[in-house]
Structure formats: structure tokens, C-alpha cells
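Note that chain A is present in both complexes that follow, paired respectively with chain B and with chain C.
Our next item is the complex of A and B:
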């Protein structure tokens, strides 16, 4: 939404995973508290990113075009966070016990409750995000800034605050995602990076700054990845998102649901 | 100190650093110097495309790995001479780079970076899964190196260093030459600054963009072949985004858009990186991340920019003193 692509997004996912590991496994907190800690921790870190990194660069650039400097900047952040996690927590795979143990038996397959929990939480959070953006004062401000920063500023919206807030909200969601997925994946420093790329692919497929499109696209990519295993060997599965992304960028850069813009 | 003095001191330091491995042929020094030289070539190739011509690539690890794999596979499976592998790796990477250039005709900025990133990930995936040719996660090893190198360990290391130094010098020099040419250099800079304007001035942006891609990825592939023949092991991690991140860090450190700056930045940062290994293996990458962030925010022109501003400042001082 901010036209700043955060390459370090996946690292916040990893941070979420480590925070829930620390809370649940090391300190024996209940699972819900661990998820909350992951969300809040990522939110707090995310709040620091804008004033410490992006705002100084923006100030120095002034009106000059940033080109891809933000991309390089967040790439640096990604390297920094990933290797800091490695230094702090070591490279071992950490296991987190499922928050909701057990498996739901269906007639044709079994689904672990953890996966159902992920789906449920994701739906709740996404609905919350929609509601926030649609009706909350700050949510309206976020949308206004995304549409036209200058006009938004003229209306008395504090741009810096909205940028920080948006970034922090985004990475908080990533942190919660990391916490919820931790029992399904193992947690290790580089766990988030492939997900970052996949998230880009989905965002582009759905159209930049289009949440509904992102939702639709993630379902599409998820199903394509699952179904494609019937046709090609499963180790190539991860390539699907990349091929999809390249194809979409070439054929329909505005995304599936996006409107053509005058780029 | 006048600008001329500063420049003399600067060039003197660089010359000593480059000649040090020859004067002080310790195996550890030689090994670091050789690898640093390979990184310098790679960082300069990234800078040609991304810093000089403004087409941001997040996929240079992919071109580098492609060159390395082509060289290793052609020597291992086909028994070709490493000299031929050198050429094949560079040409192969260049062709794939040319293909990657086509999206660049339609995309800019973030989008292009993402496509190249995805391309590098695809190359890594292929390296990991095409067992018959790439050896999968274990990679390719045991494929021999240049014939005719001396056999003593130190003499061999020194000869290899000089070989890499020569090839890197030709590569960086060649790219500098292309950028200094009136047609190509100007076209690259014009595309970087304002593509629409460049086109309206009658510059064939399509051709020059593709040329930048082909040249840059070809040199990256060449660096990859040197890496393969030096390290004697090519595995999928070479193509990982961490490699690209390190290269971009080196380029930003050295100074974007100068070609020689990133090469210098690579030499220094690689030495720093290896030096920090004694402190702890993981802290070197923490430092690389910090260096990238600090230089992007505060010193976007890197070390090259420092020299420039100081030279300019002295020039201004000289001018005021004269008047």
C-alpha cells in the first residue's frame, strides 16, 4: 500500500515463530499468550522500522525519486534480522507443540486442529483488517494516504504516523502468522524468506494494494500448488508461485483483479 | 592535502592491497584475495546493470550460480577443458540474462527486482532438483581445474590468484570501457535517469537495456565459472538470495554507478567479512546487513562518493584560494 516493498517481511514471520517458541516452550505460557506476544513483539519492532530506517532515507532524498533504494534498504534489514536471529537463537530447528492438538477425522482425510485454528484465526484477522480499513478513523487515514499522500497530508493526516502504523500492522500480522504456523513448520532463522517471495507473488497476482485480490490470489496459488503435485514431482512445487508471478507480471502487471493504471 | 595527493595515496593503497598476496604468499591471504577478486567482478557486474543502467536486479546470485554450474557440469560430465568452461559459463549466463531482459522492457523498479529474484530462486530450485546434472543438494565437485598450474600449494595459489586478477581486471576494465563509450555509456545513464526522455531523444532503449542485461549477466557468469574452478564445489546455496544480498551490500558500500567503486567495496567488505570470522561466524552477516542499511541511508554514493566529495571540496578550496 505504501509503495515500499518490505523484503524483510518474512523475517518478522520468523520473529513471531521464535517469540511463540520462547513463550510456550521456554516459559511455559499458554498458547494464546504466545500468539499475542508474537503479534505485539512484531508490532513493536515494526513501529521502529519506519522512523529509524525509511524516514531518514526519505528525508535525505527529498523530492528525488527513490528508485529501488527502499528495496535495497529492506534487503539489508532482512540480512541483518536473519543473521541476528541466527546469532541469538542458533541455527537449530525449533519445534513448537501444536496449540490445538488432535486431528479432525473426516471420511476422506484427516485435518489437524492446528490447521483449522490457522484458517479460523486468519479469517478473523482478515475480517478485522477489512473492518479497520473500511470504518476505523485510522484505517480511513491509511487508505487516504495510499490514494494520495499529498491530499491526505493537506487534510491534516500525519503521514509519518500512518506509515509507521501501516508497516507495524503488516509485520504484526506476519508475526502472528509465524506464531500460528510454527507448530506446522519448524522455526529457523531463514524460515520466512521463501514466504516473502511467495507473498510477493500473491500480492502481484491479486493486484498491489488490493486486499480482496490478495485473498483470492492466495487461494488460487495454494490450490495450484496442491494440485500441480499430481502432474509434476513435488520437489518442484515451490517453483509454481515464481512461474505464476513472472507470467502475471508479463501478461497482466496490474494483477487479476486490479484495474489498469496509467503506469 | 591536495586532491592529487589523496588520489596518489588512494591508488597506492589499492595497488598494495592487490599486490600483497603476491608479495606475501601465505595460503590464507591468497585464498581470501582470490575469492575477494571474484566477488569484485560480480559486484561490478551487478553495478553495471543496476547502478549504472538503473535496472535493479535481485537475481545476480542466479547468473553467478548459472555460470558456476555450467562450468562445473561441462568439465565433469563432458570432460571439456576449463578454458572452454569459462567461455561456456559466461555465454550461457549471458543468454539467460538476455531472456531476463525482456521482462525489463515492460517492468520497472520493484517489479523488475521481483522478477529477477524469482528467476534466481528458479535457478536454485533447478540446481537442487535436477539430480542427473547438478548433483542435487550435494552439488558438483571433483571436476578439475585449469591444466598447467604449478603443483606446489603456494605457487599454485599464487598462479591462480594472478589468473583471477587478470580476468577480473579485464572484466571490470571492459565494463568501464563500455560505460566510457559515447553511445553505450550515455544511453545507460539516460535510461537510468529518465527512460521516457531517453527514448524521446532517439536512444534505442530496448537495445541498450537488453545489452546491459546480457553484458552484466555474462560477467556475473564469468565470475561464477572462476568461483567453480577455484572452490571446486558448486552447490545450490550459491544461488541463494543471501549471495545477492552480499553483492548488493558490496556495491552499495563501494558506491553505486561507478563500476570500480563496487569492485573496491567488494574487496574491502570481503576482507572485513573474513576478518570477522574470527569474532564469530554469524556476526559477519549481521555486519553486512548493517553496512547496507547505513550506506543506503547516509552514504548512497559509498566509498567512491567520499573520494568525490573530498576531491570536490578541495577543488572548491583551491578555486577560492586562487581568486
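Our next item is the complex of A and C:
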């Protein structure tokens, strides 16, 4: 929605993982409080990204095109955050106990309650995001800015504030994701990076700035990754998302649900 | 109310406005006409903070507008309707109107203001769930005016409200403009359609090559042979009363 691709998204996922580790393992907080801390912490850090990094670059550029500068800028942020996490927390794998221990036994397979929690929370957060964008005054403002920033300003909408809010909300979701996934992944400084790349594939697949497309694309990539091991060796599984992404870029560069004229 | 003095502005090194002065007193319709490239749109964009002036003063009441962003100017009670309406084309009529009330501060404050606008534009109430981009050209222009009205502005800036509209819709848009003015709203209207703007404006400015070429009542403009020749063509076109 911002027209800025944030490559540092995965590092906020890692931040969420470290925050829940600190809360649950070091400070013995309840799991829910750890998830909340991860979300709020990532949100607070995210609020600083636009005014400190992106806005100054935008001001310097003026009317000149940004090209790949935002990409390089957030890549810098990504590397900076990874090295900061390494310096602060060390390179060890940090283990976070499951927030929902145990396994649900089905007749044909078993699913850990932690995974079910992730799916449940993801649905709740996604529904919340849709409701926010459809009903909340600031959610409407986010969509207005994405569609027509000049007209949005004439409505009295402060563009910088909406950009900061959008970015912070996005990384807060990444932080919560990192906290929920921590018991499944372990936590280390670079834990988020492969996910950033995968999120890239999903964003391109869904069409840039298209939330429904992203949802559809993530389901498609997940299913493709899971089912493809039936026909190819499982060590090739991680490449699947990118084969799909490359195929979509070649055949439908605007994304699956994107419109050809939109950008 | 709005006062522009010795305004110089443009894009990059290109100075388009070369010292323009005009006033919009409260409750008055002021029209700005002039040939293409005279700087009419540049004038509105500079007044509303989309462009920073090189020099000159812009004041609304006792507030200096120079250096303010458009959203700050919107909160001072001035609205802006862009040339093609500037609608949020993928959002519904109701969402567009609700955003029109963004400057009021809360959805609770915007709700009654949107209802009041529906009273005035009943056609929009029937279309409230329709996506703005699917409305006809005339309906879109009505929605743009209605949306600007939700925030209860004292002053509205309109950039060519009749541009790219069929003649029957132009009459409707101008009827709506007169109705807004009767509610006490002052309007600064940039327009190519000279006859239409002269029929409603209380005061007219002619802009040429970035400078004031005329400032007076529409009657004086019609009476001035030199200006008529330059900007209205040789005498009034057939079928339109002078």
C-alpha cells in the first residue's frame, strides 16, 4: 500500500521472537503477555522507520523517481537490525516453549496445538485487519492515501502520519507472527530473512498492494509447498515458492488478482 | 477572507505565476479565467499548499497559509476539488463522503455531516453502496462537491468544475455551486468555460502569462472591448446571451 517494499520485514519477525523469548523464558510472563509485548514492541520500532528513514529520503528526492532506493534503504535496515540482534542477543538458537503444548491426534495425522494457535491467531488478525481497513476512520484513510494521496490530503489526512501507521501496523503483525512461530522455529538473528523473501514471492503473486490477493497467494504457495513433496524430493521444497513466483512474473506480471492497468 | 498577494510560483526553475494578487471576500464566488498555460491550476495548487510559492503571501482570515501542507489547510476550513474530482474511485460513495468528514475528527462527528449532505444530494443516498468510479461523469462531479461539503468549509477551491462534462451535467454542477454559495460558502473557481463562470461569479480575475490582466465584476469584463476580444473571442458566441 505504501509503494515501498520493506525488506526489513523479516527482522521484525525476529524481534517478535526475541521479545517473546525475553518475556516468557527470562521474565516468566504468561504467553499471551509475551505475544502482546512482541506486537507492541515491533509496532513501536516500526513507528520510527518512516520518519527516521523513508521520509528524509523522500524529501531529498523531491520529484525525482526513487527507483530502487527504497529497496536498498530497507535492505540496509534489514542488515543493521540483524547485526544489532546478533550483538545484543548472540548467535545462539533460543528455544521458546510452546504457548499451547500438546498435539491434537487425528486418525491420519497429528497437529500440534501451537500450529493450530498460529492458524487461529492468523485468521483473527487478518479479519481484524480487514475490519480496520473497511470501517475504522484511519483504515479508510490508509486506503484513501493508497488510491489518491493528493485527494487524501485535501480531506485533511496527514500523509506522513498514515505512512508511519501503515508501516508500523505491518511490522507489528510480523512481530506477532515471530512470537507465535518462535516455538516452532527457534529464534536466531537471521530467522526472518527467508520469510521476507517468501513474502516477496507472495506479494508479487497476489499483486502489489492487494490484500485479498496476498491472502489467496499465501494459501496457494503453502499448498504448493506441501503437496509438491509427493512428486519431488523434500529438500527441493523451499524452492517451490520461487518457481511459482518466477512463473507468475513471466506470465502475469501484475499478479494473479492485480489489474493490468493498476500500476 | 482569502487574500493572495504578489504570488510567485511554478515548477522547479520555471516561474509560472509572476506576481498574482487576488482577494476572495466571505460568501462570494470568484472566477479565474484565462488561456491555457496562464497559470490557473498553478494558482490553486500554490494556494492550497501542493506547491510552495517562490515569493508572495497567502492568508486565510488571519492565518498565513504559506508553508502549510494541504491537510493543514483543509483543517482551517478550506476545501479543494481537483479537476477530475479527485475521487477515491475504488471506494463506495459512502466511504468517499465519510472521508470528506475526516477533518471533523471522528466518525461520530462525520456521521451526521454525511447525513446532512445526503439530504442535499438525494441521488447520492440511492448510490451510497456503489463504487465511485462506476458513477457517470456528472454524478462523480456531484460526489466530489458533496464530499468537499461534509467538512463544512468556509471556502472551496474548484479546479475546472465543468471540464470534460456533457452540457446537461455542466448545468447541474453549476446549480450545485450556486446552492453551496447560498449556504454562505465562498468559492474560488478556475474555469475554461467562460460563459458559465461569468453567469454565477460575483467577481472575475483574468490571468494571462502568470499575471493579472483584469480584476472586476463580470459586467465590467463584458463591457471591456479589449478584454472581450482577447479572452471571450470577438463578441459573444451565437446562442449564448451576453
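We adopt the following convention: the second predicted complex is superposed on the first by the 261 of 263 C-alpha atoms of A that agree within 3 Å, B and C clash if a C-alpha of one lies under 4 Å from a C-alpha of the other, contacts with A are read in each partner's own complex, and residues count from 1 in each chain.
Keep this in mind: a residue touches a chain if its C-beta (ideal position, glycine included) is under 8 Å from a C-beta of that chain, and two chains touch if they have at least 3 such contacts.
Just so you know, these numbers come straight off a predicted model, no measurement behind them.
S.K.: With everything superposed onto chain A, say whether chain B and chain C fit together or clash.
M.R.: fit
S.K.: By residue count, which of the two partners contacts chain A more extensively, chain B or chain C?
M.R.: Between chain B and chain C, the winner on chain A residue contacts is B.
S.K.: Touching A:125, do we find chain B (first), chain C (second), both, or neither?
M.R.: Neither partner.
S.K.: Touch check for A:76: first (chain B), second (chain C), both, or neither?
M.R.: A:76: touches chain B, not chain C.
S.K.: Contact-wise, after the overlay, does A:154 reach chain B, chain C, both or neither (first, second, both, neither)?
M.R.: second
S.K.: In the overlaid three-chain picture, which partner chain does A:143 touch, first (chain B) or second (chain C), both, or neither?
M.R.: Only chain C is touched by A:143; chain B is not.
S.K.: Once you lay one complex on the other using chain A, what is the shortest C-alpha distance from chain B to chain C, in Å?
M.R.: 18
S.K.: For chain A, which residues belong to both interfaces, chain B and chain C?
M.R.: Residues common to the chain A contacts of chain C and of chain B do not exist here, since the sets are disjoint.
S.K.: Quick check: in the complex, which residue numbers of chain B touch chain A?
M.R.: The touching residues are 50, 54, 56, 58, 103, 106-107, 109-111, 113-115, 117-119, 121-122, 125, 128-129, 241-242, 245-246, 248-249, 252, 280, 282-283, 285-286, 288-293, 296-298, 300.
S.K.: Where on chain A is chain C touching in the complex?
M.R.: 63, 137, 140-141, 143-144, 147-148, 150-159
S.K.: Which bits of chain C are touching chain A when the two form their complex?
M.R.: Checking each residue of chain C against chain A gives 12, 48, 50, 69-71, 74-75, 79-82, 86-91, 95, 98-100, 102-103, 106-107, 110, 147-148, 151.
S.K.: How about chain A: which of its residues touch chain B in the complex?
M.R.: 5, 53, 56-57, 60, 67-69, 71-73, 75-84, 86-87, 193-194, 197, 200-201, 204, 233, 235-236, 238-239, 242-243, 245-246, 249-250, 253
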